[in-house]
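Please find the structures below.
Below are two complexes that have chain A in common, paired first with chain B and then with chain C.
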Partner chain A sequence: MSAALAPRRSPARRVATLHALLPVAALVLLLAAVFLKQPRAMSYFGINLLLNLAIPVMFATLAQMMVLAVSDLDLSIGPFVSLVACIGATLMPEQPALAVLALAAAVGVYALAGALIEARQLPSIVVTLGLSFVWLGCAVLLLPTPGGTAPEWLRDAMRWRTPLLPLPIWMAIVTAIAGHLLITRSAFGTLVRGLGGNPGAIARAGWNMVRVRAGVYAIAGLFGVCAGLMLVGQATSADANIASRYTLVAIAAAILGGAEFTGGKVSPVGAVIGALTVTLAASFLTFLNIAPDWQVGMQGLILVAVLGLRAAIDLVGGRR
Partner chain B sequence: MSTPVDTVHDGHAVPAPMPRVPRWQRLGRLAANRPWLGSAVAAVLAWAATVWSAGGQGSGDLLSAALAFSAFTVLVSLGQMLVISVGPGNADLSIPSTIALAGAVAMVVMNGNDAMLLPGLLAATAVGMAVGLFNFGLIRLLRIPPIIATLAASLIVMSVAINFGRGLKVKPPALFSDLMALRVLGLPLVALVALTVTVLVAVMLERTALGRSIAAVGQSRRAAQLAGLRVERTRLLVYVICAGLAGLTGALIAGFSGGNSLDQGAEYLLMTIAVVVIGGTAVAGGRPSVPGIWGAAMFMFLLVALLNAVGAGPGLRTLLTGLIIIAVIVLASSRPRR
Partner chain C sequence: MQDPLQASRGEVLVEARGAARAFGAVQALRGVDLQLRRGECVGLVGHNGAGKSTLVNVLCGALAPDRGTLHFAGRAADGAAWSLREARRWGLRCVFQELSLCDNLTLAENMRIAQPQSAEWAWRQRAGAQLMDSLDRIFPGHGLRPDDVVGELPIGKRQLVEVARAFTPGAQSLELMILDEPTSSLDGQAAAQLLAYIRCFVGEGRTCVLITHKLREIFAVTDRLVVMRDGRVVQATPTAETDRERLVTAMGQAVGKDAASEPGAPSTRPAAASGGASAVVQVPGSARHGMAMHAARGEVIGLAGLAGHGQTAMLLALQAAAQHGGKGAARVEGETAFVAGDRQTDGVFTLWSIARNMTVGWLAQLRARSPLLDLKREQAQAQQWRERLGLVTPDMDLPIGSLSGGNQQKVLFARALGSAAPVILMDDPMRGVDVGTKRDVYALIREEARQGRTFVWYTTEFDELHHCDRVYVFCNGRVVGELAGDDISEERVVALSFEDASA
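Take a look at the complex of A and B:
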């Protein structure tokens, strides 16, 4: 969490706390508005329906967040999730071993890209841009026309009626805690944030930068694999462009959740909340009977509003 | 670098200092100050390979088609190049939405009337510039990173375009369609328009205070500020120029393809970034490469033509495009990086 990273001065800490609370407030506000408008949504089934689509977005956001944590930007996560979904819908049911091999190879390529970016000091935007074409090409080769079927167990898993709380809520809690432990409590997480904030210091401390960055990209790839498999489990079939919008959605969700483009400032809990907020914003607009034509623009406005509030907090708190 | 402003030259006038020895001594020396050279060579190779695979037939037609289609890519990419050149983190993601909105506006203003051709083009450009102003407003007022600001703006602009252009079936004026198909001295008119704009941008970068400011701000924002340059004004103008060019291109595409459509700009989001970088412009900012835009735009078109000619399907084509983008950036990274 960004609160932990703030210096010990109290105004700065207050700003950091407000920053951390902002995505929570946005989510609560949206939820309250949805429930007010449609009280029937306040049920196990309603919440499940509302937030179901947020599950893959959550994992895609965590993948983007890992890359943001090392001050890079990943333009390929959307096509990557699409490719995973295509693998899940074509190879997975008949040749599970081959599918696992393909997924492992894809994660390996992700790690390789990370190593390449570090070793040759390449701009991540361009490498991941090229990578996005690679993923899309593979997906089209694998599944030229929309179709395929997700394996039975995957579909069942995504339909699982979890006890007490609906599946999306459980997923959000588990991923937020796991991500938080990974980023703030593990040695690797410290290393990752260090690489984003002060790469020189990490290098001087004797770490193998190539290996660390490759590791970061590999973890991003693993999150992407989770996102793709869960997406295809929900959709039951796939197509090569099924998740192409995830690239920008994941950036928006991660930034909403308090991540910054530079300096290794990320928040896994914020990222999960950001993903929920972005998904909920879309459903909320449907509830408001806003014409679908304006919904895209309203999503943009919500993004602007939250970021504007953050700027206002900075201004009042005196932080630049 | 003690004299940052000098390094934007392509090496004709003032050779930039070379901190690192190039990897391929002889070729490297030649290519070092000409970041556009790689893309030009790649474009020529792609053209030769395509012609060869077609048995030497239609080399002229291919070139003319490449020039016409590259013209649109060049126009938008020049704007993206300026934006990327003002420093790390600057990029305009709202180009596709701007193209969609401006195309619709141009068609409505022209309304199939030859006399309204010029007002239509001006209106499209003005709409683009307004989007640029909006982009920069978000960046400045909300202090959000340009990538997120232009992303949010693109969502809003796209909504406006959807509402404005719903059910719109206006054909471009006959004169406009004729002009877009016109050839002057065997060259498509669009290509000549794009060439003119390219020359204007090159002169602007080399000879005007704004052009030098763009390079200076991109190389070191702090140094530029301390030197008394108006950093924010430079950035504002760059975003406005970029969106204005996207607006103009939106109108031209609508005229070229016999009417506007909402997704007529979709491919230009990734395309412009790829073209700018393959063309040799430094992603870290401060070193725009104008000739490289043409080389890279032609290369990207000819690459698809080549892969089509050898019978590669859409999947393989996309896969190879990605691999080639990565290969080009790896090869180009032997350049000194700031």
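Take a look at the complex of A and C:
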């Protein structure tokens, strides 16, 4: 039976495999280029330095990916990570209980936003755009000028010299596996992807749509909290705009990692690799002595190149 | 499990009394009484808009009836007590016409999302095995695997999955299955397998409602036939006691014949030769598309048949032919203007004013003299049309959403008729429109036709066919018949649109 089926399955499968390999190839290519330019980076410390900044980006990307999975877009993740960082640098060291409460409340607001989007059928872009100003406002109230101090334990954790591989690599492996189990393997993840693919089918099957979407946003919020705490642990202090660029970086990384705006098609492993690639691209451009003014544009070009390749794979695979 | 079901055979499972439901001005259900017994297969038939879908939606909890009562297995199932969820819990399943699978998921995952109750660690294997089990039972030799992604399967295979998934018992009991056109995209073998399984299913003491336009299937499987028309049940008989002719007659009896004898009937049209010589629209016949079609200047041509049998595709092909020559063989002289039927998706610009919604179709004329739009002329023309159509609005600058559905449709007519296009294509434009508006628009169409405009009019309402000079009947994407003048009758159209009956 499988022999007869093989011709039908293979082209679509091959396209899917190539799609999955694309972010990996982009990362390997960038790494090779970096090592060629800076052979000294090819060490425990070099890699640690190179990819350290990718840790918070990974979590922000996973948060964005959750929202992308249900065909929504989160424009508030950057300011949210900033707010978490500010909470980490101000409340956390002195009043840990209050800090935890504040973070829980913030995640609650995220879940509420998801419930609101579903219940009132609002466009997620509008709701999260509004929310982004709320986060920014809260962050400025907490920390009007850059400063604060991250708690000792958080700073120590981010400086941890992990055995065998540097911390960013371990982090990438752990988050990729956790994300894969959550989104690709678990029943809840299946439901989430189903909601992105065909909301009508989920509603007809009798699921509580409001609860599912609220859950998705709550998980996104949790990932955001992780991102913010790790960011402040690395930076040791915070400011209200510390992560504002994360919004777009996270979208770029998630898309780079194989997510699609049509919803229901996301890959957590790809998202983590995408986050590494985006961060590495910035470092690479610094090594090339390209002025910071040009770096953003060059990052964009790298993104366009990868997405262009993806479209080319589709074209050759005969999907469109 | 077999025994209690067999024992209760013949008991009433579902009873609806006086169920009524309206959508705005349209009364979709006008008090339906329906009884479904355990262990029977009931065929639900009727033409477009007869109320079948609304009835199914009321039964399965998607719509609450405005009036009437519903009982399921002896329990009251009204109002808040009856929802999609509740209905599923009591053992009611539906297979809808449009598929409810998630394209981006695998078969096993699709099985999982259909079962909100089950939750355990090895769900992937179990869901896959359950679905495969049903598939093997209903469609032996289906050639599907649990890790196939739905989006990569052809439509016919997806339908197999959809049907098999609904028939998988899972944690919830399965008492009543409602199948809405389940065989529409199945090949002959799979359809036969399904019909055989339905007999087996009701043989176990369960109940099945089958909605289909294929009369052969109706007569092959059902025990009882319920015919709906105009939101009522007009006939309910055992299948053995009726035949095709009686069924078709029951479906298509004219209710409002008076529409045909209104003043200004077809004879008043200009002396347009009905031959191909002066035709402004011409579609040659072919094996795939059926008979040839043509429309002369000043003619009103109806496209009839069951919904979704190629009429809209024909209108779009004509539109394409007028715009850029088209790739097909259709030929249209001059421009065309399109009147959309599905107002909300391809008709109105919801954020624009009434006037703007109207004048957007006339932009070519409005900028005839200069590259910029002539705003004064735009206003004046919009006012003219407002008076001509009797639009009920205090101000043309109000948002289009402030108008009722019927008045919105008038605006869309004005958009098309106000343009210079000699050919007007209409895609079932009277959906959900009140009677008063209809009468106004019929008169308008007649008047415009007299002045030499050609109308190609797809309609799902029988009465409207009497306003046409000639009618082409569609079936399965092909033109299967042409009716003209006094030949246009509901019986003839129904007979032609049901493939089996026309044979």
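Convention: the second predicted complex is superposed on the first by the 311 of 320 C-alpha atoms of A that agree within 3 Å, B and C clash if a C-alpha of one lies under 4 Å from a C-alpha of the other, contacts with A are read in each partner's own complex, and residues count from 1 in each chain.
The rule is simple: a residue touches a chain if its C-beta (ideal position, glycine included) is under 8 Å from a C-beta of that chain, and two chains touch if they have at least 3 such contacts.
What you see is a predicted model; the values in this text were computed from it and never measured.
In the superposition on chain A, contact is made by A:190 with chain C only, not with chain B.
Of the two partner chains placed around the shared chain by superposition, chain C is the only one that A:203 touches, whereas chain B remains out of contact. When the shared chain is aligned, chain C comes close enough to touch A:264, but chain B does not.
By the touch criterion defined above, A:116 reaches chain B but does not reach chain C. No residue of chain A contacts both chain B in one complex and chain C in the other. For chain B in complex with chain A, the residues that touch the partner chain are 89, 91, 93, 138, 141-145, 147-148, 151-160, 162-163, 166, 270, 273-274, 277, 283-284, 313-326, 329-330, 333, 337.
Within the complex, the chain A residues that touch chain B are 73, 75, 116, 120-123, 125-127, 129-142, 144, 240, 248, 251-252, 255, 260-262, 293-301, 303-304, 307-308, 311, 314.
Partner chain C is touched in their complex by these residues of chain A: 1, 4-5, 9, 12, 185, 187, 190-191, 193-194, 196-198, 200-207, 264-265.
Within the complex formed with chain A, the residues of chain C that make contact are 62, 84-85, 88-89, 94, 96, 100-105, 109-110, 112-116, 119, 123-124, 143, 145, 148-149, 152.
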